[in-house]
Amino acid sequence: MSEVVYGAGKTGEQLVGIFRAMTKARQNTFVTRVTPELAASVKAVFPDVVHHTAARALTRDVVPLPSPSGKVVVMCAGTSDLPIAEEAALTAERLGARVVRLFDVGVAGLHRLLSRTNQFKNARAIVVVAGMEGALPSVVAGLVDHPVIAVPTSVGYGASFHGVAALLGMLNSCASGVTVVNIDNGFGAGVAAAMINRQSR
Amino acid sequence: MSEVVYGAGKTGEQLVGIFRAMTKARQNTFVTRVTPELAASVKAVFPDVVHHTAARALTRDVVPLPSPSGKVVVMCAGTSDLPIAEEAALTAERLGARVVRLFDVGVAGLHRLLSRTNQFKNARAIVVVAGMEGALPSVVAGLVDHPVIAVPTSVGYGASFHGVAALLGMLNSCASGVTVVNIDNGFGAGVAAAMINRQSR
Amino acid sequence: MSEVVYGAGKTGEQLVGIFRAMTKARQNTFVTRVTPELAASVKAVFPDVVHHTAARALTRDVVPLPSPSGKVVVMCAGTSDLPIAEEAALTAERLGARVVRLFDVGVAGLHRLLSRTNQFKNARAIVVVAGMEGALPSVVAGLVDHPVIAVPTSVGYGASFHGVAALLGMLNSCASGVTVVNIDNGFGAGVAAAMINRQSR
Amino acid sequence: MSEVVYGAGKTGEQLVGIFRAMTKARQNTFVTRVTPELAASVKAVFPDVVHHTAARALTRDVVPLPSPSGKVVVMCAGTSDLPIAEEAALTAERLGARVVRLFDVGVAGLHRLLSRTNQFKNARAIVVVAGMEGALPSVVAGLVDHPVIAVPTSVGYGASFHGVAALLGMLNSCASGVTVVNIDNGFGAGVAAAMINRQSR
Amino acid sequence: MSEVVYGAGKTGEQLVGIFRAMTKARQNTFVTRVTPELAASVKAVFPDVVHHTAARALTRDVVPLPSPSGKVVVMCAGTSDLPIAEEAALTAERLGARVVRLFDVGVAGLHRLLSRTNQFKNARAIVVVAGMEGALPSVVAGLVDHPVIAVPTSVGYGASFHGVAALLGMLNSCASGVTVVNIDNGFGAGVAAAMINRQSR
Amino acid sequence: MSEVVYGAGKTGEQLVGIFRAMTKARQNTFVTRVTPELAASVKAVFPDVVHHTAARALTRDVVPLPSPSGKVVVMCAGTSDLPIAEEAALTAERLGARVVRLFDVGVAGLHRLLSRTNQFKNARAIVVVAGMEGALPSVVAGLVDHPVIAVPTSVGYGASFHGVAALLGMLNSCASGVTVVNIDNGFGAGVAAAMINRQSR
Amino acid sequence: MSEVVYGAGKTGEQLVGIFRAMTKARQNTFVTRVTPELAASVKAVFPDVVHHTAARALTRDVVPLPSPSGKVVVMCAGTSDLPIAEEAALTAERLGARVVRLFDVGVAGLHRLLSRTNQFKNARAIVVVAGMEGALPSVVAGLVDHPVIAVPTSVGYGASFHGVAALLGMLNSCASGVTVVNIDNGFGAGVAAAMINRQSR
Amino acid sequence: MSEVVYGAGKTGEQLVGIFRAMTKARQNTFVTRVTPELAASVKAVFPDVVHHTAARALTRDVVPLPSPSGKVVVMCAGTSDLPIAEEAALTAERLGARVVRLFDVGVAGLHRLLSRTNQFKNARAIVVVAGMEGALPSVVAGLVDHPVIAVPTSVGYGASFHGVAALLGMLNSCASGVTVVNIDNGFGAGVAAAMINRQSR
């Protein structure tokens, strides 16, 4: 369906070239990890490209996307993890999932998380994004009976080692049904969640 | 349904106590990571306990298991990774999945893997178990459009660092839909696969 | 007050020598990390030595201990972390703290933890012992306004790296008031908790 | 009482928004890890914000802070560790602790440290900040009978690995009563010290 | 024959000095890891220097190179690994190897790789360049009976740890005949491949 | 030609089974990493199996091996690295290489190494086995113009980290033409050396 | 003078062979890292071999050792580090140094260390052996103006990582004149100290 | 004698203040790790400050330095390691050592190193500076009978891990008399070498 391009390290010129080629090929385009400067230089040439600022992504669709179905929940604790969470959500949506975002639930404010249980316990797949100690996926997976895809983020400092602490925490989760993707890999989590969601149709 | 017990580090006495309690509670019991010695000392007391030697597990069921449905494929390259693969397969089966085992497919013998594509491409979830460089999940995920759960094993020596090389390889997979569990965590992969498989009913 | 001896690596002969010297010096003795074999060989000579099997410790007191005061809570999720938790509890008790043990509260069973909040929220110091992903201290510290001393344990396998995953998780806790000791250092946590508890008299 | 904001990575615009919201909510504000540029852009809008340059923090108080009580000592060896030590001191002060700063005591100049013993031996909690080999907390804890909170800093080069050497040194301290926080986490140490100090009221 | 200079970290002035000295010595010059800026400042003085932009290298030959013989294949999956692959290819060529480039073969598109088998199975040495999980050398070496030199690249993010994941994957390859060079060391791989190729003359 | 079996972790029973199957298949058998106990239990059944004690290997040939040609040199500094060096030498021999062993040349005794230069400088491939700091391959590669395959061994203690120091030293070799295999992978080095040697026929 | 043999991993038979060869060659013999069992099996054949139990070494001298001169001080905190400290002391003695042992000085008991300053401040070289956080060399080097050779030991648990914490602490020492040897390398420290001591004659 | 200041991270203003204070105190000043910009801003105020460009250091002496005596040799392989080697040499000189620089001897060009043996074999201490695989100290220490201080540098890329490979290589040196300092710590090596050199007067 959609050509997916990892934008980090690409130049504006390279991205414009890709959009041009996709236009010719009548294919949708989805570029992840785009800086504001890169986005601007692409929009200067293709003004109809959509810049998803929170997800740091660009999209341009020439054929209709699949209509949303099922339910994927994407969760994180707050503003720092939000870009990765949005990347996961946008990815899952583009692959046909109906996505519910819960972006203010953390281990610190446990009661807020518990009060939202109804919003996520019937999801077909839950993506949980967390940095620092990465404890949220364990807590969430202890409350539901559905697959949880944990995304460690590089948010943190010192002994977080750019996401390693969160990654290890998630790999060692004592809760059932948790699987893990690479640090900051919101895209990969979104793809896996959409695949699981799609199974259920 | 079933009480699951991590057997590693437990004594025979402790396990016998657990089987006794489960009998009283009329609950099925599933013990993982059981040495042959431990298994023997349990069977001395409960002769009807089933010892799954390949999976290194004990089970004793007093209520019927769910009947198998859907399709989960568990793959590995050979004898070294087999115990973890069997643990994943047995776990998924006990949680209601119909499981197909493909235990002789590796990156080295690519043509054998390719000739089996029909056997795994329609699975609802695929568990791929691999040690050493852990390349198999990437190759498999490149051939299918379904969720792949990668299980790194501690098989290897030297710079395999007891499974770290395989773990990192899987986390960095360039193929879509791959999620990862802890090193040697066949149980966790089996649970996640069964959860995904169950979604589809 | 009490001579504290790290028992690991000592021989029975060496320990007997220490107990003999302490008897002469009219001093209490506290030996940590004692195997059952070591304990037996000491008790063969000093039958009045107390073997705290769960805490893997030996004590022999010739002068009275301080009477318990204040409140220190020691928490862990279950049997695997129990020896370290007991070591922390016994240590704090010997240093004058009244200790409350909560040994069946984990991140998995969140509601059980929450139902116990009254039992730990008024403690002067809380020692939280956890292996694997080490998420419990974050959750507990989010519920109280008192110092939490986190003890990572070497319980786990694979990417737990003998307690490193839990250690990193605790060092990166997003909750306030969490400080951390070395992996499996129940003794150190007990000392620090008793010191904090004692401040309050 | 006070909203605490981790300033690193925030924009001036975001911080101004936070100060605006806190003004409305009649709440004190405390922002850590603020660059001089960021501080300037906030002060352009809120001239009454206090910029604690040494601590790299901003504060604006609309309700009175608790009056200082007890005694927390914050120690470090010199100019490199000073920003983290000041962050700890300011944090503890804002949470009601009377704070004594000893900022020129190091392992190299042992006699200077020993000549100051009277100034720190009666503190309710001592925060010891150190980079490089991180030996100071062990030395200090050997001289007192009170809780020591050790803060490793990322000061150093080569095999200091951005604070890892200091962190490991502190976790392995042979002295009693030492607990540790994350690398450069002066804020966390200040909170824990203030909590301990508060217990004693 | 040729003086080889590692350009990274050198100044334009230093490089110009080297080219001047080589001119005097009537020796060919080969500079690797040259930024576009550095290349420009050299070409301003020596306009006849050849800038191999893809390989990020400069060459200036005053004596004829050896004429190409044998067959070395250099393979990679795409644009990100291309600079290192080109560095390997150019190096091998300068040392007398006839080089065939296959720069669009990856583990993801297995069928494209397999369709090219004839192009690489008769090479005297194959250089396989790959980042992320570094699985390509294993797959290639499983298809041929010739030495494979694997070059891990720093392409990737998160748990790729700047090429460590690829390096470990390659060192643990289950396929025969794979040897490995340092991360991003296209030059070293090119030298080794040319040495092997030369043996066969 | 020859079935190669990694013996580590196999049981005597499993190995006997393998020899039995190979006998039926009229194939040569080569088992690496065999303990003396394992060797004895195989020889009890197949008395004509050859036990290469230094190389820790078993062989049984039912068809003739290729006659030795070319020249592969295998070097190490002494007794500790000898089992890995012998494994490499035996492997290369079985694959048709004429092998020269130089097993008493080390970095410490530089003059002895230099006095042997004539013995290794015309080899088609040189396998250099070294533990501890792993400096020997760099020194050797600086003296010859042929491919050097470096094998780090796990010989050493402390900061050798079971061969990691040697592995890193070899990967960072400043000499040209060095490629590296996994720690203790004498077999892999032998295969690669034999492949290079065979090219030259 | 003396043949030095690293005993770890050698068999009794091998050691007896070495002593036999040295007897023939009229050379002194010094074997380090000898277990009690190994020592016994050598003494059964050579009853005049001296077993230095604390240093875990064997010696047999057929020519007189150099007479002791100069002054080397070897320091450690207690029983756990003693074998390594004794290995260093014995090594330096055999190479001609007069050695003073200070084996009860640690960072914890700072006043005891300070009261001994006269005993070590005029040494030509000081070997400081320490495990856990490895802070002693920094403290000692701050008190003297002579070379300090720091020996990290593998004594400790958890985040001591078998001596890595002590090693890093020593490498990052803020005191002048500290150099470091490998973990547990008492022998190497003894050699270096004796070399420095010898310079001064 | 001389105040030594670690210049990295200091501002020009701070350095000017230090020089001003030292002038008042009639003390020599030695600043290490100075960028050209920093040097310029200091020289603008104190034109008589000496900028040692190769050593990246500033000095200003108001009292005479000790006259050079003894012999310290500082060795490295080439331009990349030169700044650290110069820092070591300058440091040793300022502490009274006569220093001989050998800056073009490497493991690659063994014969050049051997031809210089007479220049370094009678040194009282030898500082050997090396990056990448760090093999030079082993080779040098094998040729002499004097203390060798090894300085790993952060020169290299990929699996050099900013000097870790060289550091580990040096710590595991099989040659006698090698001790090691932190990565890039030319200053520390210079101090230790001068201390050893001074012993001999």
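Worth a mention:
A, B, C, D, E, F, G and H label the chains in the order they appear, each numbered from 1.
In this text, a residue touches a chain if its C-beta (ideal position, glycine included) is under 8 Å from a C-beta of that chain, and two chains touch if they have at least 3 such contacts.
Keep in mind that what you see is a predicted model, and the values were worked out from it rather than measured.
Among the remaining chains, those touching chain C as well as chain D are A, G.
Fewest steps needed to get from chain D to chain G, stepping only to touching chains, is 1. Here the chain-to-chain distance from chain B to chain H, counted in touching steps, is 2.
Among the remaining chains, A is positioned farthest from chain G, on the basis of C-alpha centroids.
Shared residue numbers account for under half of those found at the interface formed by chain E and chain H, and the copies are therefore classed as meeting with different residues. Farthest from chain B in terms of Cα centroid separation is H. Rounded to whole angstrom, the centroid-to-centroid distance between chain D and chain H, based on C-alpha atoms, equals 35 Å. Centres computed as Cα averages put chain A at a distance of 41 Å from chain C.
Within chain C, contacts with two or more other chains are made by residues 158-160, 164, 167, 171-172, 182.
Pairs of chains that satisfy the touch definition comprise A-B, A-C, A-D, A-E, B-C, B-E, B-F, C-D, C-G, D-G, D-H, E-F, E-H, F-G, F-H, G-H.
Residue ranges of chain B in contact with chain C, taken from their complex: 8-9, 152, 154, 162-164, 167, 182-185. Those residues of chain G that touch chain D in the complex are listed here as 77, 106-110, 114, 132-135, 138-139, 142-143, 156, 158-161, 164-166, 168-175.
Those residues of chain C that touch chain B in the complex are listed here as 80, 157-160. If you check the complex, the residues on chain F that touch chain E are 124-125, 145-147, 149, 167, 171-172, 176-182, 188-189, 191-192, 195-196, 199-200.
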